[in-house]
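There are two complexes below, and they share subunit A, which is joined by subunit B in the first and by subunit C in the second.
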Partner chain A sequence: MSEVYVEEVCKQYRDVQALDSITCTFEDGQLTVLVGPSGCGKTTLLRTIAGLIEPSSGAIYIGKRRVDGIPPWERNIAMVFQSYALYPHMTVFKNIAFPLEATRTPKDEIKRRVVETARILQIENLLDRKPRELSGGQMQRVALGRAIVRKPEVFLMDEPLSNLDAKLRVVMRAELKHLQTQLGVTTIYVTHDQAEAMTLADKLIVMNAGRIQQVGRPEELYRNPRNVFVAGFIGSPPMNFIEVQYDPAERALIGPDFQYPLGPRWLDLLRNRPAGTLILGIRPESIQVIASPSPGMVPASVYVMEQLGREILLDVKIGPQTLRAFVPADTRLQMGQEVWLQFQEEALYLFDPETEVSLSWQERQ
Partner chain B sequence: MAVLFIIPALLFVTLFMYYPILQTFIYSLFSLHRTADWLHAQFVGLQNYIAVMKSEAFRGAFGFTLYYTVMTVFFELAIGLGMAIATFSVHPRLRGILRAVLVVPWAIPPIVSAMLWRWLFHADAGIFGYLLTATGLVSKPPAFLTDPTLAVHSIIVASVWKNASMMGILLLAGLASIPQDIYDAAKVDGARTWFRFRRVTLPLLLPTILVTVLFRSLWALRMFEESYGLTGGGPGTTTDTLSTFAYKYFFTYARFGVGSAYAMVIFAMVVMVAIVYVNRVKGNLRFKE
Partner chain C sequence: MNGELSNGRRSLKRWLLEGLVTLAIIGFCLGPLYWIFATSFKPMGTEYVIPPEFWPSKPTLQAYAVILGIQAPGAERASQEGALKGTTEIKASPHLNFLVPVRNSLIVSTSVSAGALLLASLAAYAISRLRFRWKIQSLMVLWVAGLLPAVIVIAPTFVLMRSLNLLRTLLAMILPNIAYNIPLTTWLLAVYFAQLPWELEDAAKMDGYRPLQIYRKVILPLSTPGLFSAGIFAFLGSWGEFMLASAVTMGVAEVQTVPVAILNLSFEYRYQWTWISAAICLSVGLMVLIALVFQRWVIQGLTAGSVKY
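For the complex of A and B:
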């Protein structure tokens, strides 16, 4: 068990900068999730740590040992692939035993450890089967078994649950989390699914376009996103964004169809800012929808209602723009009906339109 | 309706495969010399076959063909596998070029390649003889094509050169069909190069190897061009294969009866080998699903 430290790692493909000076720490014994849209560089970073890709520059440490330039088979890591990558010609037993055989473990110890691993993962009855005779969930367990059997310093997981159906994914997610906590092995987990990332992570690293956007605990990233990208990526449904004009004279934000008076906290934060465009962000769960007008509220019209059972997900229009909000499940609304939205000031985010950085990020930290 | 679609292929196969086979079989039961008019020839039953089996020359040709098949297929597989792995491990952009280079010997028509090698092996004008004498290894050029032992192995060398590349190409395709994730998994699982090759690559390549060896063996058992082009079966009949022998009986001696019996024997052998292989290969193909 060790900490993994990545320092100034770059990976340049012919005309693509896949990794742009990545520096980050994966703490000892913790589960760190690399999350971002496809093509953001998260898998490239994982494979660089695995040694399957050599970085163009930078250094990678596992524990105290510098590993870049060392082949993957000498890094003492284990990896779980999205495709599981089980050896099709070997039985489950042989698959799990493979890393031990590769590192010349004595025969009786191999047997003992394979059986023990199979017991932990509840696949003892499958040891004689070939991968083609297994279901997706069973293959997933075998892949996990192959990873944990050798007690590596680091687990690397590349979208390990993506090939499972939705129900099984939730079950395996919980089991994975339990297993990781129990074993206490440093784990780096790649996913594009922000819900999976939120539920699993001790720490989240959000990536986009080959760069780290923000690092933090899941609730930190949710509460205090550093920029528009993170704000829009973390949380489901994503944060709403509206382009507004900041008017210092009026002490208000001017929207397409509304005027939103600012409170003292925001005025203080914006005191050195000239009049101009800002991006206003508000999460769907922070919008209150009210049927009758009152001062400071934003008029809108109901566009679509999606009954989710526990609540209704509402799409409303403000001028040409669509916003999403939640209302209680028993709310009676009609399409096209006029409603008023109340934005809670403490749940409001403002972003610079140029840098897309949150104006309240420093203050909230 | 469906029958209509089968008819063209069926006609073709009947006309060019089954009919000649049947014809050959009929010929093989008659005493035919300088004539193919079997309706007026003497029916001899299996006598032609007995003559074939008894003949020293047949046993010689049979022995050479078998030896040739085992040797060429073995070396072609070894060299082909080496070429496939070498090509596979270079950068993908280079791989295309290498593959094109690999295919060249195989793309040359067999008889042309045989002629080419005949000149290379030529006792007076051949480059091999020249190189060996020039470097002082031997005092006079070896009789590559006229010494019995040398002739046999010269033919094998020429065949291996020509066909190893075909093996290489097929094995390369086999290598490429193994998912990259499996190679990667073996790497992070701590397996070094040789261990990975022995425990992962080779077993997964086995179905391809078996199919390739099958095709190549069937081809080798019927080998004709190399012997015909390089030595004409000589010296004496040392490098006569079953096919060149059958050919000689047909077209040199015009003994259609015995020649047909030869042809039928080759046919039966090839079919037997094919059945054995196909059954073996079926079992090994299963894990590819």
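For the complex of A and C:
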């Protein structure tokens, strides 16, 4: 069990910068999730830590040991693959025993540890089967077994749940979290699914275009995203964005079809800013939808209603822009009906349109 | 109604025609084989009987007995025509122990397949997994090398074997045949390896194995069907190889392979067709047997390796 430290790691493919000066720490015993859209470099970073890809520059440490340049078979890292990558010609027992055989562990010791691992994962009755005789969930458990049997310093998991059906994924997610906490092994987990990332992570690292966008605990990233990308990526459905004009004279934001008066806190934050364009962000759960107008509210019309059971996800139009908001499940609304939106000021985000950085990020930290 | 009928007639006519053509092709291919098969059971001297016998009236294993050296040639006739005993008896010769060329051929073909598989599988593994400069070009060269007719390389190979002092040995057939078989075997295996998932190798690396260990413990076991089919190609190819074998054995019976032995049998005994047929049947029969046994493995392997992806 060790901390993993990645320092200034770059990976350059012919004309693509897959990793752009990545520096980050994966704390000892914690589950850190690398999350981002496909092609953001998260898997490249994971495979670089694994040793399956050599970085173009930079250093990787596991504990105190520098491991870049050391082949993967000497790094004492276990990895779970998206496709499980079970050896089809071996039984479940042999699959789980395979990493132990590499280290010339005595036979009875291998047997003891494989059986113990199988018991933890509840697959003792499958030990004689071949991978082709297993269901997706069972294969997943065997793949996990193969990773944990060796008691490695670090676990790497590359979208391990994405081949499971939705229901099983939620079950395995919980089991994985439990198992990781129980074993206390430093774990680096890659996913493109922000919900999975939020539920599993002790710490989240959001990546995009080969760079780290933000690092923090899940609720931190949700509450205080550093930029438009993180704000739009974390949370489901994603944050709404509207382009607005800041007017210091009016002390308000001017939208396509509305005017939003700013409170003292925002005015204080914006006091040195000239008039100009800003990006306003508001989460769907922070919008209140009201059927009759009152001052300071934003007029909109109902576009689509999606009944989710517990609540209704509403798409409303403000001029050409579409926003999403939640209303209680028993709300009676009709398509095209006029409604008024109230933005809770403390849940408002403003971003610089050039840098896309949150104007309140520093303050909120 | 009328139309349907004529339609039916047309398709019947068509069916008959197709059947006849198919039968003709089958007859053309299998006819000679059948004739050889039937001849091998005829008593010596009856192969030229007119009208021709499609199946010997008195089938006998005499020809097999003779070429396997169990029965001395001419013994039967001698016993029938007692007076001529001793004068017409054909002197037993080393060419009449057909088990020797069969053994030689088995040694040669087995070594060739093993050798070709070993070298070609390593090459194919590298080709399927590594990126290197001139990869496509080197593959094309390999392919062209495989297309070269044997006649072109026979003289240099002979000279090479002579300078290595290997003439009149089995090695003189084994080594060049390995080389001849490498292009095709490499291509077959490279295609096979290319479709094995890379992640298995990555997984094995993470599990603590080095590339050569991965090759032995993961790649080779998963490639049994591919290895068997490529191996059968090499085996059959070297089993039937005649030109080189005829050149490098230089008439020494002890090292001749089956094709050469059959030819010598023909020369030495003025075309004793029953014997030649028996020899051919033995050779073909053995091949069919081997192909059948291995085929079971190939099919078994093909259905065994699947993973959910």
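The criterion applied here is as follows: the second predicted complex is superposed on the first by the 365 of 365 C-alpha atoms of A that agree within 3 Å, B and C clash if a C-alpha of one lies under 4 Å from a C-alpha of the other, contacts with A are read in each partner's own complex, and residues count from 1 in each chain.
Assume a residue touches a chain if its C-beta (ideal position, glycine included) is under 8 Å from a C-beta of that chain, and two chains touch if they have at least 3 such contacts.
This structure is a prediction, so every number in the text was calculated from the model and none was measured.
Once the two complexes are overlaid through subunit A, subunit B and subunit C clash, as defined at the top of the document. Of the two partner chains, neither subunit B nor subunit C is touched by A:241. Using the contact criterion defined above for the overlaid structures, shared-chain residue A:303 touches neither subunit B nor subunit C, since it reaches no partner.
In the overlay built on the shared chain, the residue A:52 is in contact with subunit B and with subunit C. Looking at the shared chain after the overlay, A:139 reaches subunit C, while subunit B stays out of its contact range.
In the superposition on chain A, A:78 contacts both subunit B and subunit C.
In the superposed model, A:361 makes contact with neither subunit B nor subunit C. The clash between subunit C and subunit B in the overlaid arrangement falls on one stretch of those listed (8-16, 44-52 or 80-88), that is 44-52. Comparing the two interfaces of subunit A, the one with subunit B and the one with subunit C have residues 50-52, 71-74, 77-79, 81, 83, 85-89, 98-99, 102-103, 132, 146, 150, 156 in common.
Note for the complex: subunit A touches subunit C at residues 50-52, 71-74, 77-79, 81-89, 98-99, 102-103, 131-132, 136, 139, 146, 150, 156, 163. In the complex of the two chains, the subunit A residues touching subunit B come out as 47, 50-52, 71-79, 81, 83, 85-89, 98-99, 101-103, 130, 132, 146, 150, 156.
Remark: subunit C residues 197, 199-200, 202-210, 213, 218, 221-222, 304-309 touch subunit A in the complex. Chain contact summary for the complex, subunit B toward subunit A: residues 179, 181-182, 184-192, 195, 199-200, 203-204, 287-289.
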